[in-house]
Structure formats: C-alpha cells, structure tokens
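Across the two complexes that follow, subunit A remains constant while its partner is subunit B and subsequently subunit C.
Entry: the complex of A and B
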C-alpha cells in the first residue's frame, strides 16, 4: 500500500478512535455500543448538548437499542430522530422547558399530537407540563385519535393535578378494557349516542 | 335477517366474526355478551332466557356508528330479536360548547306476532365544564307497531357532574308518541373501583297518558376478569318504551363479555427483531407478565410484576439505563423492586425466566424505533 493510500485510511481510523475515546470519556454507559455506533451517537449527543437540548433521552434511546441488539445504523437513526423531536418540542414549549417536559413533548409530537396543542398546553397550564404531555402521548399510543386525546387533555390541563391526569388516563384504559372504543373512552361519556348504545335489559 | 337462516345462526356467525376478525380500522371495537336472564314483563309470568348480544362500534374523532343486537331464547321456546344501529356526529369542540346530532334505527320482534321498528333523530347542545356539564336536546322521528308509523317528538334537558371516581347524571324529558305522552325524570350514578365498574339508575315516569307511570330503577356491575373478558351483572325494573317497543318489566341477568382484540393498529414488526417473541407477534397485548407501578411518598417507586409460574423476572427501562434488574420474589407469582423513577413518560420491557424481552401488560405498547415495541407508562 502506498503512502498516498495509507494516509487517508490512517486519518479515518484516527478520527474514529478519537471520537470513540471522546464518547467513552463523556458517558461511560455508551461503551455498550459498537465503536463505530458509539462514535456517531456520541457526536449526536454532543451536538444536542451544544444546542441546549437534553442529552439523557438520547443516551437512553441508544442504550435501549443496544439492549435490544438493534443494528448500529438503526440506533443512530433513532437517536437522530429523537434529537430532532426534542428540538421541535423546545421550539414549541420554549427554552425554559424542563428536560422532562421536552422528553414528554417529543413523545407527544412523535405520537401525532399537533404542535398547536403543545403550545396551547403551555399557554393554559401554569404547572409543569410533563405529566399532561406524557398522558397525551400515552393516550395516542393507546389508540385514542390524536385530536380526541388533545381535546381531553386540554380540557383537564388548566385545573387538574398531575395525579388526576394519571387517574384519567387509567380510567380511559379501564373503559377500553371494558370494550369502549378508545376515542369514546377518552371523551365525555355522557352524550346521547353513548347512553343509547348501551346494551339494555332483556 | 338472511333468508333461509334462523336468527340464532346469523347472530352466532356475527358473534364469531367479531371475536376472531382483525380490526379493519383502529377505532373499530366489538364485544359479545353471552348471558342468562330471568325476566318478568308486566302482566306476564316470569320466564328464564338465554341471551346472545354482539355489539360493534366504529369511532372517529367527529362521529361514531354503533350496532348491537340481542337474541333471547325464552324457556317457553319463544324467541325475541332486537337490533339497533345508531350514528352520531359532533361539531368540533370549542372551549365550552359542542353540538351533537344522533340518528338511530332499530327493530324488535317477539315470537312471530309482535314486531316494532323505529327511526329517530336527536340534536343536542352540550355545555361542557371541567367536571360538570349540561345539555338540551330535541328528538323527532317515527315508530311503528306493525302498522303505519306514529310520529315521535321529545324534548330533554340534562346535567352531569364528576367527582373523583363518581359521575352523577340527572335529566328530564317530555315525550310524545302518537297519542301517548309521558315525562321521565331520571338520575344515575356511575362509580369505579379497581376492576369493578358500577352504575345505578333511578327514575320516575309522571304526567303520563298511555305510557304507564311509576318509579323504576336499574343497577349493573361489570367486573373485569382479564384483558378481554368481563362479567356483567344487571337487574332492576325499567319502564315501557313506546318508541322502541319494549314493555315494562323486571329482570336479572348475568353475562360473560368477550372483547374483540386488538383494539388498535399495532405497528408493523420485523419478525427478525430479537426482542419480540411469538406471543407479542401474534398481536396479543399480553406478555404473560403484568406490570404495576406504585409511586411511594419518599421519591421511590414500587415496581410490581405478576408473572404466572415464573422463576426469574427482570425489568429494563430508561430508569435502569436499559440494564436488566432482577426483581425480588415476594409471594406466589408476584415480584417487585423499589426503584427511583422520575415523573414523566417512561419506556420499559420485562423478561421472564431469561426469555425474550416483552412488553408487559399494564403498559401501553408503542413502536420502539428498532422494529419492535416498548411498553410506556406515566409516573405523576
């Protein structure tokens, strides 16, 4: 191999080694990743941190992929996507949003909640938004249409405590278990149709 | 009804298709109730009956369509068949107001000599608050008892309030069916506790001309037995319904309810994905392990997993750095750990006896970005 061919290969290897060492130095938990994956994930984590985004959700997503023995490129793609979601969540929720709020906001956006819903939640609720956003994401993942879930959470968010929101989410789960369609379970169950559609007496 | 086929064949066929078919859309659900009843219609002797009640509902954010039928086989050998289809559309919710337009049509027959049908429409305007609300509505339509249709007109007002696990409802309505007129004052309370769902109704029919009068009340309890099964016990006295053709009576019924699954569209999965085993791939929401999250007051959280016949239970999630954490065996089939889990949304999986990582029931399944799934839950 000539020096002209050898030098670029050496340079790439050196950069990868430096990135891997840097990654390991920054967060030893990433040592569970393959070296190439680790370097790319560490770069994404660094760039998120530099942009003022929380790094922990990105690390956790990478570790989840490692535990599930996912291919490296898929882990990198998942971390990159989550980083983008966190960025969108911060744009909507504002720079004062907490780590947990951003993480829950990113999950809600990924689930299909409209950005306007997050903005409305920020406007109407003085308390932290972590639990309302988490409940919103969880409801949508349960099969409740995104706008029905948003309507329900927005209706509760202004005054309900976090525990009330979690209890509401449990009640919806119970309704679904009892056979109610997710959308109906999340809406006020007192409309005429729902009452009349109940199986009646013999 | 399908020509040439007895009613029970059609209903059993519908019931089987509801239980076994995959969902054509995420918002379609179905249940089948198999039950036994004792019923005493006013002016008749008490009679036992077996019942089959399939129900299906399609729901979208702006409306719903629901259909259910009941096939009753009385101990006399006579049969009763009822069917109802109902559709409802809603206006977009504003901060306090929502409109609703409902149309329903149904038919019923008893033995070979009595048959009813009706077709009505109702408009309601809802005033919605956080934990209370009210509505006003008007109904119009036709009903028939084996002859020309009789006009139906009604006006109603109602209010409701929710307090914790309790929901209260009160309503008043004035109904005209041909020459018949009556007023119903109705109230109900709905409560939940654990896997038990209770509802009780109490009402009175007053200022009646041809619609009967008196006090009536019903109660029903639904006990969740499993993820797709429940036991429904109901009984009481109900008034004559001149619109739908049911005559006043008393009843007691016990039914076993089966819910069709899955309830939602599951994300597409790669069968090579290492995390998902055959049970998860089948679309079952059960992994054989159930997760319960119980936040303590001291900032820690009790994580409880119920796994039948397990000898080793591990958990991994974003609160363990996705490292397996073994749970402590505390009693038969119950395993637990005390962990620090922050407020918010979390992702988790459970592994039993060193097998594959699974989504535990008690959490919501979601696509995990790795061609598999993760369970998610919320900590307040």
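Entry: the complex of A and C
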C-alpha cells in the first residue's frame, strides 16, 4: 500500500476514533438529564475519563439525581464532588485500584476515614479492599466514630475474609440496635473477634 | 543436403559445435536498453512497514520447537499466576425485602439498574400481604439503592446501613457484596 492510500485510511481511522470517544463521553443514559445539566455532567464524566478515573459511578450519581428530580446544579455538584473523592481515593490506593475499590474508598473518605487508614489498608491487606472500606463507611454510618471504625477494620483486615468483615459489621449493628453505644459495640465485637482468632487454652 | 548414415550425424554434430559469432557490441546495447527503461518508484518506508505488517507469513515449527513454546507458556503461567488465574467476578443473587402494607407498587432502584424505576419492580410475596421482594444478581462491590413506593415515595432500606454519601436528601441505603 502506498503512502497516498495509507494517509486517507489513517485519517478516517482518526476521525472514527474521535467520534467514538465523543459518543462514549456522551453516555446515552444521560439523556434523562435536562440539556444544560447533561452538558455539564458529560463534561465532568469526560474529564474523569481523561484522568483515568472510572466514569460509571459518576453516571450513576447523575442518574440518581435525575430519578430523584434533583435540581440540575445539585446534580452537577454531586457528580463533581464524587469525581474529586474518586481522585483522592486513587491517589491513596494507587493506580492499580479497581473500580469497586475506588468507589468504596471514596465512600470511606466521605465518611471521615483518614487517608493514612486507606494507605495502611492497602499495605496490610493482600485481598481487594472493597469490603473493608465499605464496612468502614457503614460502621461510621451506624454511629461508630470514624477513629474506632478505622481501628477495628485495620485490626481485622489483614487476615479476615470479606464475609467475616461483613458479619462483624452486622454484629456491631445488632448490638447498637439493642442499645449498645456504637463505639463500645465496635470495641467489644473486635475483642471477641481477636479472641476467636487467637488459639487459647481449652 | 546430407549424405546418409553416420556421416549425417557427424555433420550435424560438427555444425552444432561450431561457435556462434556474437556481435561484440551486444553487451553495450543490452545495457543501453535497460538504462532506457522507466525506473519503478521506490516505496516509502511507511508503506514498506505497512506491507511488512500486513503480509501473511508462514511460520515453520518443528515438533520439538512446538514443545519448547508450550513449555515456555506454562512457565510464564506458573511465574505469573495472576495471568493464569484471572479473578472472575462472583455474581451473587441478593434478595431485597421491604415490608410495606399500604403500598400498591414498589420498585427497587440503585447503582445496579441505572436508578430506573421500571427496571426492577418488586413483587408482593405470596401469602404475606405486605412483603415486597426482588432478587438482583450482583458482583462483589458496594452499591447504593433505595425503594420507590407507589411511584413517588422514597424509602431507605430500614434493614441496611444508610448511605452517608447521600447528595440528594432522600434516604439511600448501602449493600456490600463480599467477594471472599
């Protein structure tokens, strides 16, 4: 093939790629938003994609706002804030973090977890961090202070399976529902888990 | 022309063995003709590279060579187990339940169905009269969701953690699907 034939083919390929990127940026699901809001959200989603951040959580946050009939500026603010949270989570967890880890990391940061806690989790746990981070955020949502929740999750995360962490959270929530102070509930359940993990005298 | 028998053959052989006289200027004339021919355009390096990339090639591999390649692939898979065991997401069926005696319709909406009320209508459990259920397959991760009752009333799941990252005021809940 000569260069004369190759160049138009390359140009067509380039244009097709650009159009595909543009079409991908303008997710058809965003048609549920008002035109002005849609343009701003699409720009935010596009920016996130360009920065290597996952776009799907941003689309979902916008769609949630659309379904809840939230005002456009509120939707844009929510998407922008989530994008910033995802960016912070990726800075801490590293570029190899999965989409689920980034989402859970963003939720943990929003719940008040210190960046150092996320970094320590990444260092100590070999399995995915999605569930420990989600459990951390859920414990805070249940009323457990962020520091206590972080201490508990850090203590368990190195060795516990995902299912153990979810069960730990459920146990804490049951205790809180029965009237235990949230911090005390987390502490008591953590001690119980430590006793179970440590082989002791019969 | 020839006088029969063996003499004829000898004469033919003698004639064929006689050297042919060649015009001494033949070489020069041939080269002159070649020089007069149009020189083909030389393909650009880009086109040559493209041709090199697109032209099919035949690869010959001996049985021993094939075994060596297979052994190399196995060694790679053993050295990098993540390549061999790419984690496949475990999909789990999760049941969502809402007790709503006054409801006529309930929809489950969340990050897993584009917050689309039409996608996951909940069904009234047989015989309960008030228990609405839906089963959704989910891969490991954290999902935000809510119930939409009678098409207009938002409800967070009273049996699940609340979503702190709740940007729109109405309550949402969180479900975490464990992977291990």
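In the analysis below, the second predicted complex is superposed on the first by the 163 of 202 C-alpha atoms of A that agree within 3 Å, B and C clash if a C-alpha of one lies under 4 Å from a C-alpha of the other, contacts with A are read in each partner's own complex, and residues count from 1 in each chain.
Going forward, a residue touches a chain if its C-beta (ideal position, glycine included) is under 8 Å from a C-beta of that chain, and two chains touch if they have at least 3 such contacts.
These figures come from a predicted structure and were not determined experimentally.
Colleague: Does the subunit A-based superposition show subunit B and subunit C clashing or fitting?
Modeller: Subunit B and subunit C clash in the superposed model.
Colleague: With the two complexes superposed on chain A, say which partner A:143 touches: subunit B (first), subunit C (second), both, or neither.
Modeller: After superposing on A, A:143 lies in contact with subunit B but is clear of subunit C.
Colleague: According to the stated criteria, A:127 is in contact with first (subunit B), second (subunit C), both, or neither; which is it?
Modeller: second
Colleague: Which partner does A:68 reach: the first (subunit B), the second (subunit C), both, or neither?
Modeller: both
Colleague: Would you mind checking which one, subunit B or subunit C, touches more residues on subunit A?
Modeller: B
Colleague: Should A:119 be classified as contacting the first partner (subunit B), the second (subunit C), both, or neither?
Modeller: A:119 sits against neither subunit B nor subunit C.
Colleague: Regarding the shared-chain residue A:43, is it in contact with subunit B (first), subunit C (second), both, or neither?
Modeller: A:43 contacts neither subunit B nor subunit C.
Colleague: Is A:29 in contact with subunit B, with subunit C, with both, or with neither (first, second, both, neither)?
Modeller: Once the two structures are laid over each other on A, A:29 reaches both partners.
Colleague: Once chain A of both complexes is superposed, is A:135 in touch with subunit B (first), subunit C (second), both, or neither?
Modeller: In the superposed model, A:135 contacts both subunit B and subunit C.
Colleague: In the superposed arrangement, which partner chain does A:84 touch: subunit B (first), subunit C (second), both, or neither?
Modeller: A:84: touches no partner chain.
Colleague: If we overlay the two complexes on their shared chain A, which of subunit B and subunit C does A:107 touch? Say first, second, both or neither.
Modeller: Touch status of A:107: both partners.
Colleague: Looking at subunit A, which of its residues have contacts with both subunit B and subunit C?
Modeller: The overlap between the subunit B and subunit C interfaces on subunit A comprises residues 29, 57, 60-61, 63-68, 70, 74, 77-78, 81-82, 100, 103-104, 107, 111, 130-131, 133-135, 137-138, 141-142, 162-163, 165-166, 169, 173.
Colleague: Where on subunit A does subunit B make contact in their complex?
Modeller: Checking each residue of subunit A against subunit B gives 29, 57, 60-61, 63-70, 74-75, 77-78, 81-82, 100, 103-104, 107, 111, 130-131, 133-135, 137-138, 141-143, 145, 147-148, 151, 155-156, 158-160, 162-163, 165-166, 169, 171, 173-174, 176-184, 188-193, 196-197, 199-202.
Colleague: For the complex, give me every residue of subunit C touching subunit A.
Modeller: Residues in contact with subunit A: 43-44, 46-47, 50-51, 54, 109, 111, 114-117, 140-142, 144, 148, 154, 161-165, 167-170, 172, 174, 176, 178-180.
Colleague: Can you list the subunit A residues touching subunit C in their complex?
Modeller: So the residues of subunit A touching subunit C come out as 1-3, 6, 29, 57, 60-61, 63-68, 70, 74, 77-78, 81-82, 85, 99-100, 103-104, 106-107, 110-111, 127-128, 130-131, 133-135, 137-138, 140-142, 161-163, 165-166, 169, 173.
Colleague: Can you tell me which positions in subunit B touch subunit A when the two form their complex?
Modeller: Against subunit A, the touching part of subunit B is residues 26-31, 33, 37, 39, 49, 51, 53, 55, 57-61, 64, 66, 68, 70, 72, 80, 84, 86-88, 90, 93, 100, 102, 104, 122, 124, 126, 128, 130, 133, 135, 137, 158, 160, 165, 167, 169, 192, 195, 197, 218, 222, 224, 227, 230, 234, 236, 238, 246, 249, 251, 253, 257, 259, 263-265, 273-275, 316, 318, 321-324, 342-345, 347, 357, 364-366, 368-372, 374, 376-380.
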